[in-house]
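Think of it as A, B, C and D in the order they're written, each chain with its own count starting at 1.
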Amino acid sequence: MNKGFFMNDYGEGAHPSVMQRLMETNLEHTCGYGLDEYSLRAQALIREKCAQSQAQVHMMTGGTSANMIALSAFMRPYEAVIAAQGGHINVHETGAVEGSGHKVLVADSLDGKVLPESVRAVCAAHPDEHMVHPRVLYISQSTEVGTVYTLEELRALRQVCDDCGLILYVDGARLGSALVACGMTLAQLASVADCFYIGGTKNGLLFGEAMVIVNPALQKDFRYMIKNRGGMMAKGRLCGLMFLTAFEHDGYFAWAAHANAMADRIRRAMDRRGLPHLQRTTTNQIFPVLTPEQDAALSERFAYERWGVLEDGRIAVRFVTSWATTEAEADALAQALEAL
Amino acid sequence: MNKGFFMNDYGEGAHPSVMQRLMETNLEHTCGYGLDEYSLRAQALIREKCAQSQAQVHMMTGGTSANMIALSAFMRPYEAVIAAQGGHINVHETGAVEGSGHKVLVADSLDGKVLPESVRAVCAAHPDEHMVHPRVLYISQSTEVGTVYTLEELRALRQVCDDCGLILYVDGARLGSALVACGMTLAQLASVADCFYIGGTKNGLLFGEAMVIVNPALQKDFRYMIKNRGGMMAKGRLCGLMFLTAFEHDGYFAWAAHANAMADRIRRAMDRRGLPHLQRTTTNQIFPVLTPEQDAALSERFAYERWGVLEDGRIAVRFVTSWATTEAEADALAQALEAL
Amino acid sequence: MNKGFFMNDYGEGAHPSVMQRLMETNLEHTCGYGLDEYSLRAQALIREKCAQSQAQVHMMTGGTSANMIALSAFMRPYEAVIAAQGGHINVHETGAVEGSGHKVLVADSLDGKVLPESVRAVCAAHPDEHMVHPRVLYISQSTEVGTVYTLEELRALRQVCDDCGLILYVDGARLGSALVACGMTLAQLASVADCFYIGGTKNGLLFGEAMVIVNPALQKDFRYMIKNRGGMMAKGRLCGLMFLTAFEHDGYFAWAAHANAMADRIRRAMDRRGLPHLQRTTTNQIFPVLTPEQDAALSERFAYERWGVLEDGRIAVRFVTSWATTEAEADALAQALEAL
Amino acid sequence: MNKGFFMNDYGEGAHPSVMQRLMETNLEHTCGYGLDEYSLRAQALIREKCAQSQAQVHMMTGGTSANMIALSAFMRPYEAVIAAQGGHINVHETGAVEGSGHKVLVADSLDGKVLPESVRAVCAAHPDEHMVHPRVLYISQSTEVGTVYTLEELRALRQVCDDCGLILYVDGARLGSALVACGMTLAQLASVADCFYIGGTKNGLLFGEAMVIVNPALQKDFRYMIKNRGGMMAKGRLCGLMFLTAFEHDGYFAWAAHANAMADRIRRAMDRRGLPHLQRTTTNQIFPVLTPEQDAALSERFAYERWGVLEDGRIAVRFVTSWATTEAEADALAQALEAL
């Protein structure tokens, strides 16, 4: 018997509607490198959803590649990007940002969210040419610990960026789940961010992230940057077609809403059982704290990640839901949690 | 009416057997980043085909990314790679190799193939620390102009590399067509190269190239390099599964053989008509030289690339065949060529 | 009237014996790029002082350049260097290390000195290819806050490095003052470090640092690295000659001892007056904490740097002595401090 | 007996007036990093000589460092610099430009001078994002083979740069000799170039090059770039003071004129003797072609560099004069040449 799968959201395949579209169009001939009709239509549709007719949209192959290419496109060699200590670019990208020549500066965060005053402090602490010059503020929506910035919080960060001459860049690897969780639209996000990407890998696509460059000052020659950093796919239509499928009928948001709903079932069961959270969330990641016994019992029937061991010996774990999590799977986990 | 498609080999989708396999396994859960069972099985199978039980095999997302990651893994900052003037890394990768810090040195070539004596001359011209130090010889099999190195030619280059302390790296974006064209096996290639990649994008896969690192001295921490340069895919199983499908029943070679056979039909028609080649080839790329009138007539019914204009006003064009080229399409082009 | 100069130790010229030697040899012809007789003799002499007959010695133009070149010579692209939060490479080199592609990881420190257990923790927190791989431990002797590692402390760090597979690299911008302060010899330092540099700029030379690579595994092609990173001086003999002058009669240590002695006079006056230290030191940097009134009074007669403002409004300042600080200057400052 | 020294122009020390000034000011205290009074005065004076009141002037430590820093400041990652095949950045800087991420593209040259039409051809051959984007034209004045661009030739290149969107950058390692040789002023050079450096190392200074950034669009944050690439000297006043000395009484030009005059004596002797030139020059480098016997005889009494061996067995050599070459030395060589 297979275990219920709550390990992550990238261990899934693509949504069936995406696969069907890939099958249907498989024998078509298109031009390469993302200049085909499907890519153009996907870009136009995303611009429309963002209510940004002048935005550029580029299809990227993955999150680390997308972050590294965008950040190195936006900065000169001595410029640096500010992120939370646990930010993906600071910890989990094997130094890709530094590999393209740029320092990652750390700002304090609360609940995984960068604090505006700390961003100001980092800028104030870098006044002259003996130090790097802060140039980009990197945040994730949702964050590494599954929390979400409200629109008010994003506007506060926007203000800091305006005051300090920073570009606001949003890593949207799990953007679908985040937007649905807090009722934010792409247009609202696009109204505060200079650039962000819409994550496809973790929400229904085989792979691919759509980079939206809102700020015209950052758009120049971006395709050169993609190619220079090894991120341009010959069969670019694949990403175009998959994003087109995801946004034509707003499947992207429906899939994310499903993932969140499955997570809600699990959260409610935890609340009923009184299980603590390492970090309370509203998105598709849940971080319960279990006793070793609870963990042992649960791990026999469910696949999930052990996140860390607390000082008192308890174990923080992570459950992740996705578009593919079935109600039966979610309910099975919910019941098992209640029965702990 | 659609034109017959001879524009390139990456404007195609994936071979139906590959698509079917992707569909069948779409809802399976696997671990990420290329550590899944499909990837492991594909790697083992490729090692077996190469008769190199100690080789490492890594799945890469595309050619430019694969070249840049391998070359920057193998070289220290002051080291350089030698290539033909028209080598893909020298012209068509937007400076990706230089972007990772390394100079591309140019060796003379004939029929697109690097000349051994010229490689020696380049090395001799770089004797001390005021110049870069040549470290890798980069060649493509087939070359940019569709020609193929014989095993004897590869052995001569291997000898030069041994004499000069060079690593022999083979770009195999079109390796299938090349090996079939000259009757070379993967094991023979692996016996002379330190590292090469097996191109999937241009021969039946949605995307992906399989990097084979034969030389154990070059294998250390290659997965770190992939991740550091943005080339590691979360759903790594996709590449694994596609390469597994391609090699389980040797489809990879059958698809390439088909592409070559379709090209042969076209070449034979050219010969019958007496049409000249810019560069005679035996692989899936053909480079006829046409008069403007011939080009005008042909381009109404067939899609192909204009390669360049000769001094006498004639036009060199490129036809590319693939696993997806039908006999009817090839014959239509062949007949049209004869009728010019 | 000029103010007594305690601003820093690089605002001074060269020791008169160094200037005299430069004058005497100015019209000699030598070969360039550090291959001249003076450079060779300086290298041999430093090897002898370090009791490391197999060590390489290279003349570098400055501290940031020296650090960046050595660190990028020792690391592969995905590898990282560990340093204290306030380490020079982490804060005051404008991202030069990241500019060469490498992340700086931060270890906890006490009194400016990296804690061995924290280095182990950093290594333990970077277990796989999704994160950078720690490869070098960077420390400064003396540290940024003027403290000194004892030989015992260095040996503890050496043990950590051996356990964790780290290279121990010592930034010796103020090595003279440090060694004199704790009675450590160059040979003792060389017995624990894989590589270190002997700072000339801040102790009697016009410029220049002597990089000593003790570990043979790190020596390969270092001159290529120097040239590739822009650090090779055409008139390399200048550094050679200056270091030869500094070490032929151990002037280097005498000059540092003088600087320390002048600092001791100031420290003793502070103790008599009961003035607190931000960080107690034994080297040529002193960090008194002053009231705004004391600072105002003192700054009329003496030039020094304001280091920071404490929460209670008091001001931490820095006095730096050097080979050029006269007894009269030191005594004048000492008296002024006692009279506050 | 010492041989007459014609090996190069960087094997010399500094002009006596420079050394005297360094001695006189050695015990002064100044602020560091090139912000001192001497540096400011030197910068102002150079701006005045260039008749460019808005130009920035920065003191650099050496030629390779200066080239690499300027070029990487001016280009985005996918941009490339065009140079002659034998250009210093293309051959003799150990890949420093590529090490900072940029490709060097080669344009055809005649007598060492880049041909305008070839620059246009290189630009035309790089039309899209699959190739690097040419951004800077790099030339040397004088060239690697001692020739000089006339003002007319520079204006033709300026026109090409304007037409193609290129920055015109001039490497002035031997600028003094070049300007004197063709009667060009700094102001004339500054009227056509976006940026150039005035070489000090090879004309009377211990070290140092003065970077003049004429184009305001290229000036932003240049000091950050210098520091980030390891080129900022703590005792920045050294360069400032040396350049101030060189330009206060136009010594820089007088020294170069002397070097050229000494070269002229040698050239005249060659003409009287009928000795061929590999490349005829008017600057301080001379490239005679000798028989092996002539070379053997000459090398007993004079130190010079063997430049290459011709196909017929004759030897091209290089004589270099400098501010330090005495009339007696030049005449001795002239007589020896006539007596061959």
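Assorted remarks:
Definition applied: contacts are C-beta pairs under 8 Å (C-beta built on N, C-alpha and C of every residue); 3 or more make two chains touch, one makes a residue touch a chain.
Since the structure is predicted, the reported quantities are computational estimates derived from the model, not experimental observations.
Relative to chain D, the chain whose mean Cα position lies farthest away is A. By residue number, over half of the touching pairs seen at B-D are also found at A-C, the match among A-C, A-B or C-D. Centre-to-centre spacing of chain A and chain B amounts to 34 Å, using the average Cα coordinate of each chain.
Distance between chain A and chain D, defined via averaged C-alpha coordinates, is recorded as 51 Å. Inter-chain centre distance (chain A to chain C, centres taken as mean C-alpha positions): 43 Å. Residue positions 77-78, 93-95, 99-101, 129-130, 132, 224, 227-229, 232 of chain B each touch two or more of the other chains. Those residues of chain A that touch chain B in the complex are listed here as 2, 5, 7-8, 10-14, 16, 19, 22-23, 25-32, 61-65, 68-69, 93-96, 99, 201-202, 206-207, 224, 227-235, 238, 303, 324.
Residues of chain C touching chain A in their complex: 77-78, 80, 91-95, 98-104, 129-132. Interface residues of chain A facing chain D in the complex, by the touch rule stated above, are 33, 72-73, 76-78, 100-101, 129-130, 132-133, 221, 223-229, 232.
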